[in-house]
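Two complexes come next, and they have one chain in common, subunit A, joined by subunit B in the first and subunit C in the second.
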Partner chain A sequence: MHIPDAFLPIGQAIVYWIIALVFFALALRWANRELNEARIPLVAVLAAGIFALQAFNLPIAMGTSGHLVGGALAAIVLGSPYGAVFILTLVLIIQGFIFGDGGITVMGANIINMGVIGGFVGFYSYQGLKAAFGSPYMSAGIAAWLACVIPALAASVELFFAGTFPLVPGLIAMGTYHAVIGVIEGAITAIALYLIATVRPDILAMPAGAVAS
Partner chain B sequence: MLELLASIERDAGRCSAIHALDARVKLIMSVAVIVAAVAYPYTVSVYWLGLLFGAFFIVLWAASRLSPRTYLRRFLMVLPFGFFLIVLQIFFENPHYESFSPIRILPFGITVYAESVEFASILMVKFLVCISFIILLSSTTPVQDLLGGARRLGLPSIMVLSLGMMVRYLFVFAGMYDRVSAALAARSFHPLDADLPYRYRIRTLGYTMGMFFLRSFEQGERTYACMLSRCYGADYFDSLPPKPLTGQDLSALISSTLVVVAGSVACWVLTA
Partner chain C sequence: MMETRQLVVAGVALALVIGVTAVFFASGDPDGLESSAFYVQGEKTLTGDAPEEGDPEAIGAGTFAYEAPMPDYTLGEEAGKAGEVMAIIAGIVLSMVGVFAVARVAAAGRA
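This part shows the complex of A and B:
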């Protein structure tokens, strides 16, 4: 899902950077407000954890594999979609500048896809599903699936606008691939949330059963 | 990837003229090359720009005294997704061209177009330049220096602090990952083992990742408490001591800016 450098024309990359910077500024405001000495290790560990989770290749079928995104998990644990924006930005900076995974000019687009769309879709669908069905873990699983598939579709639309990949094959390939990865991401997010809520409920910004007001 | 981070840090800790440059210089130079390569129009004259930046990269890599194998190993790890997108280009009609000349018709109506092959090669040149300079940057600059440089260039201190902590915790994770992997292997568990039920594999992976996270968090809490006791707090990066650029840094910055700007303009003017 990481769009590499050169796959978006510079003009479009700048537009995505501007949009990403708006959300980044809001995420920074969230971080300055929420991150005290006690919360900094959590954010750093979550960022490192999501980085490590993205390094885990999960089996799909026919020998193919994919990696998790982690936006929903970050947003749910930190109790804010801006937490996911902040954390995914950290992850993408390290991936882009150290590993060349993703890129520099396209980082704005990647932040929008995985951090903004992933975080907001993950957080608000979790809240909505939890209010409707009551089960926090099932809600987290479905929210994580949505937060995996929708950013992938957004990436294919961006590649289409860039003229570097046709729309329909892109949507089919990315959508199908991430729909399968999303099931795994959903299951793992639900299980991870269950473990955290059971073993260290103090880590969660909102108890697993609570709904944001 | 965690082993890769450790090996990158080992490479970045070596001594050479490139390693000795200030992180800000290398950061600005790499970003400038990448922006120039990406901003260059999607035309075949990008081959000349690729040659120029490629030669520039080879000079810098040679001056860094790192082995070509180091570059190749890192390059091959980055390649898959970008290469996959580039290879697929040859089968599609690209909106950057108006007419298409089929050069090969494959089964199932799949056609390879000359223009699409040309576009794929243009993307490949740009992609190679971008990846190469990222590899150069990270292989010659320790992460903590890079963060210090980014802070001095204006990255907010809360970001730098979180990035620094994140990288430290990645090494905590690496140790944790080795122990967890050994524990899983000792129990004959492998996530790709088709003989095991799929649900069992996913549930085990979920528990493993949750446990991995919790143990790392608790280790991270202890590590952070130790760091706090050594005066490393939330305001650690608020005011870094000033670090003026040396004459060598300034000459490297000016000469690399000249190569990037003059080279890009010259390629465009001479080949357009």
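This part shows the complex of A and C:
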């Protein structure tokens, strides 16, 4: 889902950068309030895991592959959508500048899609689903699926405004492929949440058995 | 319950295993955005295979170009799989150290 430089005109890319920087500033404020010496190494390890999982493209048929994005996972584990914005922004900066994965001028759009939209959709849909159905792992899986599909649809709308994708074919293609990729996102998110809740339930800001108020 | 130090070591080890495994087993098919780009260009049907040759970015109109030091998670073709393994390990370490450093700085400003 990493948009390359060629896909957005510079004027629109700057607008996305400005919006992304506002959210990253809010994420830094979250880090200032919520992170402490005990929690920081765990956040760093979560970032390393998300980077590794993003590198693992799995075949999804239709001549396409997909990988975990990690916005929902980060938001649920850290108990805030800003946790996802914090981790995904830094991972996307490394991917873009060091590995050329995702553009530089368009990095703001990628941060908005995967970090901001992915984090907020993942976090709040997890809260809602958990309150409605009770099961934390099923809720996390569905929330992560939504946190994959909705950012993909947002990206297709951005690419329509950029004049790169036609609207309906773009929505159909991005929606179809990411509906399948989202299954990977959901499964890995649920499994990761289960593993963390098993070995260290105390580090979950929003315990798997509870719903944050 | 696992101690924090153990959890960090286990987490890093798991990330390295996933990353190195990805070098050898990750799919080479285009990702969802690239496949969508092929689809809207008419170079691929929705459910068909990706074109053998093709540039998903050909549809873009941007002119900005940036040369990444480890493009596509490699150290160049001559470095082969060993270079890809080193690039992935570098990425995992950079992600961890980068997030750790920024988090420390952010948390240090607490009133």
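To be clear about the criterion, the second predicted complex is superposed on the first by the 210 of 213 C-alpha atoms of A that agree within 3 Å, B and C clash if a C-alpha of one lies under 4 Å from a C-alpha of the other, contacts with A are read in each partner's own complex, and residues count from 1 in each chain.
Throughout what follows, a contact is a pair of C-beta atoms (placed from the backbone, for glycine too) under 8 Å apart; a residue touches a chain by one contact, two chains touch by 3 or more.
Because the structure is a prediction, the values reported are computed rather than measured.
**Student:** Check subunit A with both subunit B and subunit C modelled on it and let me know: fit or clash.
**Tutor:** The answer is clash.
**Student:** Could you look at A:A6 and tell me whether it touches subunit B, subunit C, both or neither (first, second, both, neither)?
**Tutor:** Both partners.
**Student:** Considering only the touch criterion stated at the top, classify A:L146 as touching first (subunit B), second (subunit C), both, or neither.
**Tutor:** Neither partner.
**Student:** Between subunit B (first) and subunit C (second), which, if any, makes contact with A:I104: first, second, both or neither?
**Tutor:** both
**Student:** Mind working out whether A:P41 is in touch with subunit B, subunit C, both or neither, as first, second, both or neither?
**Tutor:** The answer is both, since A:P41 touches subunit B and subunit C.
**Student:** Which partner does A:I191 reach: the first (subunit B), the second (subunit C), both, or neither?
**Tutor:** First partner only.
**Student:** Would you check which partner chain A:R33 touches, where first means subunit B only, second means subunit C only, and both and neither mean what they say?
**Tutor:** second
**Student:** For A:Y177, using the defined touch cut-off, is the partner it touches subunit B, subunit C, both, or neither? Pick first, second, both or neither.
**Tutor:** In the superposed model, A:Y177 contacts subunit C only, not subunit B.
**Student:** Flag for me the stretch of subunit B that overlaps subunit C after superposition; candidates: 60-68, 96-104, 132-140 or 240-248.
**Tutor:** Only 132-140 shows clashing C-alpha atoms.
**Student:** Can you give me the overlap between the subunit B contact set and the subunit C contact set on subunit A?
**Tutor:** Subunit A residues touching both partners: 2, 4-10, 28, 31-32, 35-37, 40-49, 51-53, 55-56, 58-59, 65, 86, 90-91, 93-94, 96-101, 103-105, 163-166, 169, 199-200, 203.
**Student:** Using the touch definition up top, name the residues of subunit C that touch subunit A in the complex.
**Tutor:** Its residues touching subunit A are 1-2, 4, 7-8, 10-12, 14-16, 18-19, 21-22, 25-33, 35-37, 39-40, 44, 46-50, 57, 59-62, 64-73, 87-88, 90-100, 102-104, 106-107, 109-110.
**Student:** Enumerate the contact residues on subunit A facing subunit B in the complex.
**Tutor:** Contact set of subunit A toward subunit B: 2, 4-10, 13, 28, 31-32, 35-37, 40-49, 51-53, 55-56, 58-59, 65, 86, 89-91, 93-94, 96-101, 103-105, 159, 163-166, 169, 184, 187-188, 190-192, 194-196, 199-200, 203.
**Student:** What residues on subunit B touch subunit A, complex-wise?
**Tutor:** Residues 1-2, 4-5, 8, 30-31, 34-35, 37-39, 42, 74, 77-78, 81-82, 85, 88-89, 92-96, 123, 126-127, 130-131, 134-135, 137-138, 143, 146, 156, 158-159, 161-163, 165-170, 172-173, 177, 191-192, 201-203, 205-207, 209-214, 216-217, 220-221, 223-224, 228, 233-234 of subunit B touch subunit A in their complex.
**Student:** Mind pulling up the subunit A residues that touch subunit C in the complex?
**Tutor:** Against subunit C, subunit A makes touches at 1-10, 28, 31-33, 35-38, 40-53, 55-59, 61-67, 86-87, 90-91, 93-101, 103-106, 152, 155-156, 163-166, 169-170, 172-174, 176-178, 181, 199-203.
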